[in-house]
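Input: structures, listed below.
Two complexes are shown next, each including subunit A; its partner changes from subunit B in the first to subunit C in the second.
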Partner chain A sequence: MARFAGGKAPFLRISDTKGHNTQAIMKDFMIAMSPVILFSWYKNGIKVLIDGNINFIEMLYPLFFIAMGAILSTLMEGIFFYVTDKEHRSFQDILDKLSRSYAAIPGIILALLLPLYTPIWVLMFAAFVATIIGKMIFGGFGHNIFNPALLGYAIVGFTLMGVVNRAGGLFNASEVLVDAYAGATPLGVLASGKQLSFDLLVKPYGGLFNLFIGSYPGALGETSSLAIMIGGVYLVYKKIIKWYTPVIYVGTVFVLSWLIGLVSGEAGLWFPTYSILTGGVMFAAVFMATEPVTTPTNSLGKVFFALFLGVLTVLFRFVGNLPEGVGTSLIFLNIFTIAFDKYTAVIRTKKLAKPGGLYLAILTGLFILLAIYTVIKAGNMYSLVMPILGWVI
Partner chain B sequence: MIFQRVKGITLDGKKDACKKNPLQEYLNPKKVYIPLLQRTCVLEPEVKIGDQVKAGQLIAINQQYFNVRVHASISGKVTAIKKVWHSSGKMVDAIEIENDNLNTLVEDIKEEKSLDELTRQDFIDKLEKSGLTGLGGAGFPTYVKYRTKSKIDTVIINAVECEPYLTCDFHYLLKFKEKLVRGARYLRRAAEAKEVVIAYKAYNEEIAHAIEPLIKEFADIRLFPLKNVYPAGWEKYVVEQVTGKTYNNLPAEAGVIVNNSATTIVFADVVEKNIPLISRPITITGEGINQPRTYIVPIGTKVSELVELSGGYVEGLDPLKYNYIAGGPMTGRAIFVDDLVVNDTLGAVIVKPVIEGLYPECMGCGRCADVCPTYLTPTEIKKAYERKDVKLLGDLNANKCVECGLCSYVCPSHVEITEAVGKGKALLKKGA
Partner chain C sequence: MKKFMSKYFQITVLTSLLLLIFVLGGVFSRYMTSQIEVHANDNAIKEFNQSLINLVGSGELIEEFDVVGIDKEYDIPGLEGEKYQPELIGAYKVYDSESKVIAVVYIISTIGRDEGLEIAYAIDIESKVIIDTMVVDSSETPDYFQALNFGFYNQLKNKTLDEVLFNLDAVTGATLSCLAVETGMQYARELFARDFDFTIPDIVYTINSVIRNFDKTTMADKPFIVNITYGSDNQELEAYFDNDLNYLETISGTEPNQLYKDVFKDALPTQASIDLRAKVIDYDSTTRTLSVLTRAYHRDNIIIEVTFDETFTSITSLTIISKETYDSDYNDLYTGAPSPVIENAYKDQYLADGSYLDTFAGATVTSNGIIRLLTLIDEVMSAWNGGN
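Entry: the complex of A and B
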C-alpha cells in the first residue's frame, strides 16, 4: 500500500499547459502593447531624429522612459515585499512573488499615459502611487480596486500637472506641429471654451486620418488609434479580452458625441469621430476598460460597465471641467466593479426574470437618464427646453 | 455573441493509450469486498460470517428510501466484514467473500422464457430485484426512474463517456453490442416509450459502425451523434440535444429517461437471465500505469490486483507526486491509499502525475462564467460562500451546479473554484 497525493477535482487544468495560464495572458498583454510602444518610439524618437532635431542617444529616450516605468514599478513592489514580509526576504522569494504580481504591466501603461517630457522623479512618484497605494495595500495582484496605472496617472494629473507642463522642451520638438497651438492637445482646445468647429479642432492636427495614425501632441501611448487597434485585435484574437467591451464603449462615446454635435448645430460625423480618436478613448477601451482585475468579471457586467463608461466619459468631458474625461470616469466606475459583479451575476443567473428584471430596469433607466442628461446639458439644448418646462409648470 | 451559451469545450481525450488495448475479463479474483454503501445508503448485511453464498445471492439490503439491494458477485464463503476504501473517499464496511472457484449460481438465475409477454410492471420488478443502479457514475437505482408517472416518449442510452481517459463504456459497448441493442429495446418497453435513442460521440466512429447493422431492421431505435465536447455526456445536455426539450430536475419532466450504456447491457442480462448486478467494466489508466486497460470485473474486486494485471505502476513512481483518482479526471476523487475496491459507480481508476506550480491570484477574467454549462457565475458564488451569504447563494442558483469541473479546468490561475462552488452548494442545502 502506498500513500498517494491529495488534490481536488478536476485533475486536468488548462493552467498546467503552457500558454494558457495567467503568465501567458500577461505576456500577451505585453505583446499587444508593443505596437503602441513602437509607435510612440517612432513618433517621439525616430521621426525627430530623421528631422534632425535630436541625436542618437536622445532618440532612445522614449524607450528608456517606458522601460523606466516598468523597472520602477517592479522595484517598488520588490521593496514592498521585502519590507512587509520579514520571513521571506531572500532574493529568490522576492523573485517568486514578483513573478506572480506582474508589476511591469501597470508600469508600462503608466509610462504610456504620461507625456514624454515628464521628469523621471514624477514618474517615480506616479509609480509609487500606482503600485504601492493602487495595488499593494489593497492586497496585491487580483485584489486592487482601482486600475493601478490609472491611479498613478490621476494623482500626477491632479497634483503635479504644472511640474510636468513646465518641464517640457527638450524632447518634444516633434510635438510642436502648429505654431498657434504649440503643444496643446486637441481636447485642451475644446476645453478652452471655444465652439465646436472642424477648422479649430481637427485641421491644426492634420485631419482625421492623422488623428487616427496618431501624429499629434498627447501622452506617449494614447495618440495612435491605429497602433492601439492592432493591439486590441491581437487580444481579441487570443481570446484575452472580449470584443464587445471596447466596441460598446467606443460606440457609446461615438453616438453620444454625435447627438451632442447635432443639438449644438454641428451635423458632421467628423465630430464624433474626432471624439473617439482623441483623449485616450481608444487606449482606455483596449487596455483599461478590459483590464481583468478592476472591471466586472461576467459578460453582462462587462456590457454594462462599457455602457456606463461611455456615458460618464462624455458627461465628464462636456459637462465637467476635465478635458479628458476617460481616466476620471474609469476610476469612478472602478469603485462600482464589485456591485456590477454582484448584481449582474444575479441578473444573469435568474435569466432576466424577477428580481433580476427589476435590477435591469433600474440600471437601464439610470443609463437612459444619464444619457439624456449628458446630451441636454452638453448641447445647447438647455435654452430650448427651459421655456417649455416653464410653460408646463 | 454577448450572452453566448457555450456548449461545452473540447478536451484532449487521452483515450488512445487505453483504446488500443483490448478489453480483458477478470472474473475470478481470490477475494471480493462488497461495500455496504450505495450513494448515501448504508446497507444492512443479510448474511453472517461463515455463510456459504452463491453468485447472485442477495447479501445486503436497505429499504429506507428506495429498495437498494446488493448481491454476491462470486460464489464462496463470507469470511469477514471489514473496512475498505470506497470510491467516495471514505472507509466503509464491506463483506469479504472468499472465492471457492465453483461459480455456483443462485437458483433465481435462469433463462426467461416468455420474453415477449413481459409487461411494464414485470420489467420494473426485475429491475428492483436486480439492484441495478446507474453505472455511469451517479449510481441512482434504475427502477426508480421507470416508476415515474410522467408520460415517457423517449429512452436515451447514454454512450457518450465525455470525460478524458475513460474507455470502459466504449469497450464494454463494443464487446456486447447485441446485448446493448436488446437491452435498449427492453428499456423502451419498460418505459412504454415510442423510441429509444443511442447517443454517442461522433468522434467514436467504431460505435456507429458496430451498432448500425444491428438496428437496421428495427424502427424504434436510432443512433444520435454528439459533438466531441465536455460535458456532452451530461444528462441535461444529451436530452437537450436529442429532443430539443429541457427540464428542471428530472428528465422525466421532458418525457425522457436516460440510462448509461453499461447499465443497458447489464439490463439485458437482468431481463433474459435474471442475473443481478454483479460485474461491471472498469478502466485502469493514466500516465502512472504501464499498460492501461479496461477490465470486466466482479463488484468488490481489489483495484490493486487490476493494477498488477496492467503491468503495475511505471518504474520509479513516487506515489506522493501522483494522484490516485477514483472516477474520471474531471469529477473524480483523489484517494490517498491505493487499496480501493470496485463498487457499482466506479468506472475508472487513474494514476496521473500531480503538476505543481506557484499560481497567482484570481484576476477576474471571467472564463469560468463563460464556460459554465448551467450559466452560473462561479466567482460570485465563491465570494458568497466565503461570506456565508446563504441568501445570495440562493439568488445565484448555487444548487444548480453539476460540479462538472470546467470552471477549475479553464481557470488560468489554478483557482480551486469547482470546490468552492461545491461547498457553496452544500451550504445552501444546509442553510435552506
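Entry: the complex of A and C
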C-alpha cells in the first residue's frame, strides 16, 4: 500500500546540511527579481529623468517604493513575532525568524504590483494585509492559504484604488504626455471597448516588441516580459521553480486568446501575443503561480493548477469586466490548492484505475468545459454556430 | 524611563521605524503627487513655446521679454464712436542657433464680436514681414469665427509692415472678427516700431471739410464734395466722392494717386463732420421726388422716397421702403404687430409737424436710420428753399 508523507511546503531539493535553506531560496528569488526591479526603476525613474520630465529626487522614487515594500512587510512581521512570542523577543530571535520566513518578498511583490503613485500609507496598509492577515494569522510562512501579496493587492484594489488614482495613478511623468495612450493601459482599452483591433490595442503602445520590452504604462513590475523571463530562466536553472508551470499557464492564455480572436474574426497571432504580454500574465506565471506555499506541490497538481489559472484569467478578462483577471483568478484558485494536491496525488498513484481515472476525468472535463464556455462567451460563435448551446449557456 | 526602555526597547524601535516610514514616506508620496501638476504646467509652457517657434518656422530658442503695451485706441467693431485699448498679453523673442534674434511674437488681445480674442503675430526682424499668425484664445461665436478660413489668414502671411494702409479684406459674415484680427495686426506693428528699428510709413493729409452736393442735376451721382490738403507739399484738392466714398472727379487741384484715394476712402467715415451713412441715391426733377437711403438693422436698406411741392417748402408725399423686423422681446408695443409699425409712426409724426419721434426701445438701429434720413431730407429742403 502506498504511503504518503505530509508536511508544509517548501520541500527543498537542497539539503540543509550544506548550509542551504530558505535563505538560499530568498537569495535566488531576489536575484531573479533584480532585472524586473532594475527595469522598473529605469522605465519610471531614469528614463523619465533623461526625458527631462522629472528631477533627481523623483527619479529615486520607484526604487524607494520597492525598498519600502520590502521594509514594511519585514517590519510588520517582526512586530507580529514580537507581540505573539513572548519567549523570544530579542532582536536576534526576531532576525532569525525573519530570515526563515520570506518576510520581504510579499512587500516587494506588492510594490511591483501597485501603481507608481500609490501613497506610502496605502502600501503600508497593503503590507499589513499581506503579511499579518494573509500570512501570519494563518500560522506564518508555510501555513498561509492565499498568496499574501495578492491578498494585499486585492484588498487595496477593492477599497483604496480611488485614493491611488487621485494621487496620480500608474502613468509616469513621461507617459502622461503621450496622447496616443489617452490615459489608458493596453488592457484598459480592451476592457472599455471590447474591440479586437491592432490599431487600438497595440499600435498606440509602440507595437508588440515594445510590449515585450515593457515600455508601456502599467504597474512597476508587470510590464517587462523580457526582464521577467530572464528572472524566470534563472529560477528554473536554480531549480527553485518548475519550468512547466509558467509555460503551461502562459500557453493556456495564449491558445484561448487565439481561439477567442478566431471566433471574433481576428485570426492574427498578434492578439494572443498581446494577451500574454500585458496585464501581469508573465509576472504571475514566474513569481506567483510558482509560489511554493499556496500552489500545489506535486507536478500533476502544478500542471492542472496552471491550466485552470490560464482559463480563469481569460474568463475574468473577457467575460467579467475586470481589466485584468490574473490576481483574481490566482486568489480564487489558492482556495483549491489542497484539493488539487489531494486529487492529483491519487491520480499519480492510481493512474486510470478507480478513483484516479474518475478524478482525472473530472478535472479534465471541468477544464474543457470552462475553456469552451470562455471561448463561446467571449467570442461570436455563440450566436452564429451553436444556437442550442448558446440558449443553454 | 530606563525600566520602560529595557522592557520594551525592541518594540519601541520597531514601531518607531514604522512611524518614521509613515511620516517620511508620506511626505515623499505627497511631494510626488504635487509634482504631477508642476510637470503638467511645465509641459504646457514647453508645448506653447514650441508652438510659437513652429509659428516662426525656424529658431532654436524662445524667450519672453518684458515689454508693456502702448497707448493707442481703436474702434470697437460694430459700436460706432466707441474706442478701446488692445491688450498686450505676451511678447517673445525667437533666437537661432547662434543666439541671434530672428523673430518676435506678440500676443495681443482685441475685441471682435466678443472680448478676449488673443492672436499671436510672428514678425521677422530682418525682413519686417508678418511670418504667420496663430489663434491663442477666442470667445468669438464659433459659427462666425469659423468663417475666417485659410484664405483670410493667408493675407497675413508675408505681409510687409511697410504697407501704408496695412489692413485686411474682411470675410462676409465675420466682419467683426476680421476687424479684431486687423486691429491686433496694426497694434503689433506699433509695438514692433517701438521695440525694434522700424518707422511706420505714413501718409500726410488733412480732411478739411466734407459737404453734400445739393446740385439737383448731379447730387445723385456725385453726392459728396470733399476738401483735402495732402502730401508733404500741402497740395489743396477739392473733389467729388460717391456714396461708397470712392474718388470720382477732381473739382480743383491735382488728382492724387490711387494710394491716396484708398487712404481717403478709409479715413472719411471717421473724419467727416457729416453723417455719411445717409445717402442720396436718386432725384427725379420732373416729379420732384428725392430718394435717400441708409443701412439698417438687418443690413438691408431703408429707403425714403419724398416728393416736394414746387417751392420745396413742404412735402406732398412720403414713402418709407423697409424690410426691418422687430424683436417683440424688447417692446410690447409692437408684439405680434406686423412691420412697418416703426416706419409708419415716424412718417405720421414727420408729416404732421416735421418733427422726429424718439428712438424706439428694441428698434434703436431702425429708429436712428429713419431719423438720419429725415434729417437729410430736411437739409435738402432747406438747401433748395433758401434756408427754411
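Methods note: the second predicted complex is superposed on the first by the 355 of 393 C-alpha atoms of A that agree within 3 Å, B and C clash if a C-alpha of one lies under 4 Å from a C-alpha of the other, contacts with A are read in each partner's own complex, and residues count from 1 in each chain.
One rule holds for everything that comes next: contacts are C-beta pairs under 8 Å (C-beta built on N, C-alpha and C of every residue); 3 or more make two chains touch, one makes a residue touch a chain.
None of these values were measured; they are calculated from a predicted model.
Enquirer: Answer with first, second, both or neither: which of subunit B and subunit C does A:A167 touch in the superposed model?
Expert: second
Enquirer: Which of the two partners, first being subunit B and second being subunit C, lies in contact with A:T273: first, second, both, or neither?
Expert: So A:T273 meets neither subunit B nor subunit C here.
Enquirer: After the superposition on A, what does A:N210 contact: first (subunit B), second (subunit C), both or neither?
Expert: Neither: A:N210 stays clear of subunit B and subunit C.
Enquirer: Quick one: is A:M68 in contact with subunit B, with subunit C, with both, or with neither? Answer first, second, both or neither.
Expert: second
Enquirer: Is the number of subunit A residues in contact higher for subunit B or for subunit C?
Expert: Of subunit B and subunit C, B contacts more residues of subunit A.
Enquirer: I'd like to know which partner A:M124 touches here: subunit B for first, subunit C for second, both or neither.
Expert: After superposition on chain A, A:M124 lies in contact with subunit C alone.
Enquirer: Could you look at A:I54 and tell me whether it touches subunit B, subunit C, both or neither (first, second, both, neither)?
Expert: second
Enquirer: Return first, second, both or neither, reflecting whether A:R89 touches subunit B, subunit C, both chains, or no partner chain.
Expert: In the superposition, A:R89 contacts subunit C only.
Enquirer: Let me check the overlay on chain A: which residues of subunit A are in contact with subunit B and also with subunit C?
Expert: In subunit A, nothing is touched by subunit B and also by subunit C.
Enquirer: Quick check on the complex: what are the subunit B residues that touch subunit A?
Expert: Residues 2-4, 11, 164, 304, 319-325, 327, 329-339, 350-352, 354-355, 357-366, 369-370, 375-377, 379-380, 383, 392, 395-397, 403, 405-406, 408-414, 416, 418-419.
Enquirer: In the complex, go through subunit A and note every residue touching subunit B.
Expert: Residues in contact with subunit B: 1-16, 20-25, 96, 99-102, 140-143, 240, 244, 292-293, 295-300, 302-303, 341-342, 345-346, 348-351.
Enquirer: Which subunit A residues qualify as touching subunit C in the complex?
Expert: The contact residues of subunit A facing subunit C are 53-55, 57-58, 61, 64, 68, 71-72, 75-76, 78-79, 82-83, 89-91, 94, 117-121, 123-124, 167-168, 173, 176-177.
Enquirer: Per the contact definition, I'd like the list of subunit C residues that touch subunit A in the complex.
Expert: 10-11, 14-15, 17-18, 21-22, 25-26, 28-33, 35-36, 39-40, 43
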